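The next part holds the structures, each set out as structure tokens.
Below are two complexes that have chain A in common, paired first with chain B and then with chain C.
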Partner chain A sequence: MSTLEIHDLSISFTKYSKGLRQETTQVIHNLNVSINKGEIVAVVGSSGSGKSLLAHAILGILPGNASVKGRIVYDGQELTEQRKAELRGTEIVIVPQSVKFLDPLMKIGSQVQTSVRKGNAAVAQKKIFEKYKLKPLVEKLFPFQLSGGMARRVLLSMAVVSEANVVIADEPTPGLDADVIKEAEISFRELADNGSAVMLITHDIEFALKTADKIAVFYAGTTVEVAPVSDFSGKGENLRHPYTKALWRALPQNEFIPIKGSQPLANHLPKGCPFAPRCENATLDCLKEMPEEKMLRGGMVRCLYAT
Partner chain B sequence: MQLEAIDIGFGYKKNSWIFRHVHMSVSRGEIVGLVGPSGAGKTTLGKILSGYEKPSEGLVRLNGSPLPSKGYHPVQLVFQHPEKAVNPKWRMKEILHEGWNPDDELLERLGIEKDWLRRWPNELSGGELQRFCVARALGPSTQFLIADEMTTMLDSITQAQIWQVVLDMAQKRNMGILVISHEAHLLNRICSRIIDISQV
Partner chain C sequence: MRMIFSFIGRKVIRLLSLLFAISVITFILISHSPIDPIQAYIGADMMRVGPEQREKIAENWGLDEPPAEQFFRWGSSVLQGDLGTSMIYRRPVTEIIYEKFLHSLALMIIAWLLSGLIGFILGIAAAMKKDKWADRIIKWYCYTLAATPTFWMGLLLLMIFAVWLEWFPIGMGVPAGVLTENVTLADLISHIVLPALTLSIVGVANVALHTRQKLIDVLSSEYILFARARGEKGFTLIWRHGIRNISLPAITLHFAGFSELFGGAVLAEQVFSYPGLGQATVEAGLRGDVPLLLGLVIFSTLFVFAGNLLADLISFLVDPRMKERRPV
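Up next, the complex of A and B:
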């Protein structure tokens, strides 16, 4: 059974456009994803595709003008706003994107200790700092004194010491050097092996492939493909969606060829498939409506012509 | 024609150095990678080379003379976080035209939509903002570009898109580029040589 299941999730924001006139922008559309116990799922997509919002929706920390539709099920029971508030920080934790999420007036050491749930907090914190090559001196620093890479390691160590059931990591890798990334891969795997369900939100395909079991590809607010890691190989022949293929081919270690254009903004989405304006194989049918999800070769794809 | 760092050292306090005795140079038309562990001072070195920060000791020389203190700076820096590099109270159009007026062809190649020009920075995502920061830095008087983790936050398609434009421009204008990055694959793909900051 899945630890965390997300069914038909949609998120929209209401804002004032002019005077008292309001407008609603839908940023996530009919998203489905599930994570099993001991599994690592990577959600890969470009910036601005709504990946972080997904994490914030699971934790219930979206701003007040957001409205959420759809169902999130945790451990067989629906996650209501109240339940989210009880569970976040203990059973469901997030590794946030930046140090801005830390308390700016609290020293790093004691801050990490607050997230330890079992055993001696100080010992656990010292152990994890040693593992991530953070010098004892870091304990006495304030968040603003950390370099980018150090901050990332501190945030990661907070999630690891919490031993939560669901760990959601929002962009855990940018700015880290190869050794620390290696260490991060190992820790996520350890977390999963200890029974946590891990969701990695990242744009770094290479990291996702090394760490995760399956990859959910995100484009313009929805998942266009869910594929096992092994499908990402060669020229991407096994991949299902044209966007995923383009992502794979654009990597510097592959062909480094970009496709034209940019991802549509949330309030200017085309009516049909969001990728159609950039897709080589798009037909008139693609412009009519968003393709339904279909299962294909052990994965999911939202494309009329996927084979 | 080159950008040189001569015996540069930097520290925030007296007698506590982030790095010392750094010698390096980038010639025009050359693409050089700069790597090193996090916290080693790669970004600081980038800031010193582009005149945002004064070194505690040593000299920066551009074509043999000191960096100019006014006018369009010939060494342009593109930061890792575009959100921090744009004025939140300006519209994108003003931000883009701060140094020069890029033509429509460049904007199109970078995937910048016309419609974005009327927006405020907080209405665009990091990837979208970064395209503006790159366009802004590629003015005709730019001789050297320092790309500090320029595409680290971006997906692979946007990364390839931006680099294709930058490399093309560099070749046309004989620009030198210093690429600060952790991504070995990217560096191997585009750089002619790679410097490790802990070994210079």
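Up next, the complex of A and C:
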């Protein structure tokens, strides 16, 4: 049984477009992904495609005009909004993108202490700072005084200190240098080894490949493929979905072939397979409806012709 | 330390140039004013004063000299700490300002504290209930107040509470016909309530609207989202992250609002015949009392400048982001 399972998750937003006309935009549809204890799953997709909303939906902190369908199951128990409110910060935590997610007028030490759930907060905070090589002086600093690498370690230490079972990291790497990224890789692996289920939400496919066990490829609001990391090798023969293959081949160290076209916007999705307009192998059948998920060689894929 | 010295130095230079500019402009305006100080001083007895006597008064007051010379004479004595003698009160200007300021100070402190506190609370309430009926009422109230002239609000309160309900006296600082030593604290309080209330009510709008907007911004910020993701909610969330981030700008704004407070006091004191600085300013203007008016202008400039300085100092000393970035 997985620690966290997401079934057919759909998120849509309602807003007033002109005057009193309401417009609904579905940003995530029929998304499925699951994470086991001790496992790192990376949800990889391009920037601005709504990946962060997945994290916010799991925690139940979406804005008021969002509506969520589908099921999120944690430890065999379905997460209702009320249950999410109880679990967030204790059993399910998020590692935010940047230092902007810290209160600008509160000292780092006290902010980390708010994340401690058991025991003496100050002691726990000092211990975690030691573990992440943060000097005691950092406690007294304000967020704007942190360097990029320090900020990353502080944010991560907040997740670790809460001793949560599920850690969701939202874009953990942008703007960091190679050393800090290496450090982050190790820390996430450590978290998983200590029994947490880790979800990395990222656009950085290289980081995902180095860190995760499973890769869930996010395209136009849904997962088109879930594959073990080992499948990303050679020319991508083991990969299942044409988008994943193209993504793999587009990497500079591989063939460096760009994918033509761009991802459809959430409010202009094609009726059938969202990748069909850019797919070389697309047929008329692909345009009819969104392909069902199928299990294939230990992974999942949404493509009529996947083999 | 060096930063603090350069901060103070800059402020002092700014203050001196401001004071100089203000006194020159005021002097020019007064010397072009149609009010004849001698006529304003003598009033109805003007018919009985001959041209020779007028000339003598003018000579005595130095009014026969050219304006530039008058200004320099006044300026050099100001530099020696002498603001001159008021024409209408026949007493040193500093003494009058001191006496009137004590009256106004109580009024302004009460109004400033009340409007700040009420405005802050209303702003928080409105932001927490954004777009709900409570927010709409508070916003409507603030917009109405922002468009309300102080004297009109004063007259309204006067009508309701002094004339119809007879809860408070109609005006003045102390009861009429009572010796100074017989005036009780209760008398003083009952006389200050209405003008202070007028000033407070009018002063609320600014702080409330500003606080509301600021809290709305803070509540939609990323750090509030993250705090919620850590399980914080309700009052703790607002208290810990909201109030902390909105109180500093609100306090700064409120200190910077000293000018409006002073301007409001002038009008409120006039409506209630309250013997403070405001009333003295109106008198000095209407009766062409140049030394007193100039003294008041300088004093009010200092007062407003002090407010702005306090606002700057508070954000400079309290906000960690304004301090020097400490290397780690």
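Here are some notes:
In this section, the second predicted complex is superposed on the first by the 284 of 307 C-alpha atoms of A that agree within 3 Å, B and C clash if a C-alpha of one lies under 4 Å from a C-alpha of the other, contacts with A are read in each partner's own complex, and residues count from 1 in each chain.
Going forward, a contact is a pair of C-beta atoms (placed from the backbone, for glycine too) under 8 Å apart; a residue touches a chain by one contact, two chains touch by 3 or more.
Computed from a predicted structure; not experimentally measured.
Once the complexes are laid over each other on chain A, chain B and chain C both fit without any clash.
With both structures placed on the common chain, the touch criterion links A:203 to chain B but leaves chain C unconnected.
By the touch criterion defined above, A:106 reaches chain C but does not reach chain B. Shared-chain residue A:123: touches no atom of chain B or chain C. Contacts of A:186 after superposition on the shared chain: neither chain B nor chain C is touched. Touch criterion not met for A:287: it reaches neither chain B nor chain C. Residue contacts after overlaying the shared chain place A:148 against chain B, while chain C stays out of touching range.
Applying the stated contact rule after C-alpha superposition, one finds that A:45 touches chain B and leaves chain C untouched.
Closest contact between chain B and chain C, by C-alpha atoms in the overlaid model: 7 Å. Residue overlap on chain A between its contacts with chain B in one complex and with chain C in the other: 147, 150. Of all residues in chain B, only 36-39, 80, 111-113, 115, 124-128, 131, 149, 152-161, 163-164, 182-186, 188-190 touch chain A in the complex they form. By the touch criterion stated above, chain A contacts chain B in their complex at residues 44-48, 147-150, 171, 174-181, 203, 205-206, 246-248, 250-253, 256-263, 268.
Within the complex, the chain C residues that touch chain A are 222-223, 225-233, 240-241, 244-245, 248, 319-321, 325-326, 328.
Within the complex formed with chain C, the chain A residues making contact are 56, 59, 61, 85, 88-90, 93-94, 96, 98, 100-106, 114-115, 135, 137-138, 141-142, 144-145, 147, 150, 158, 162.
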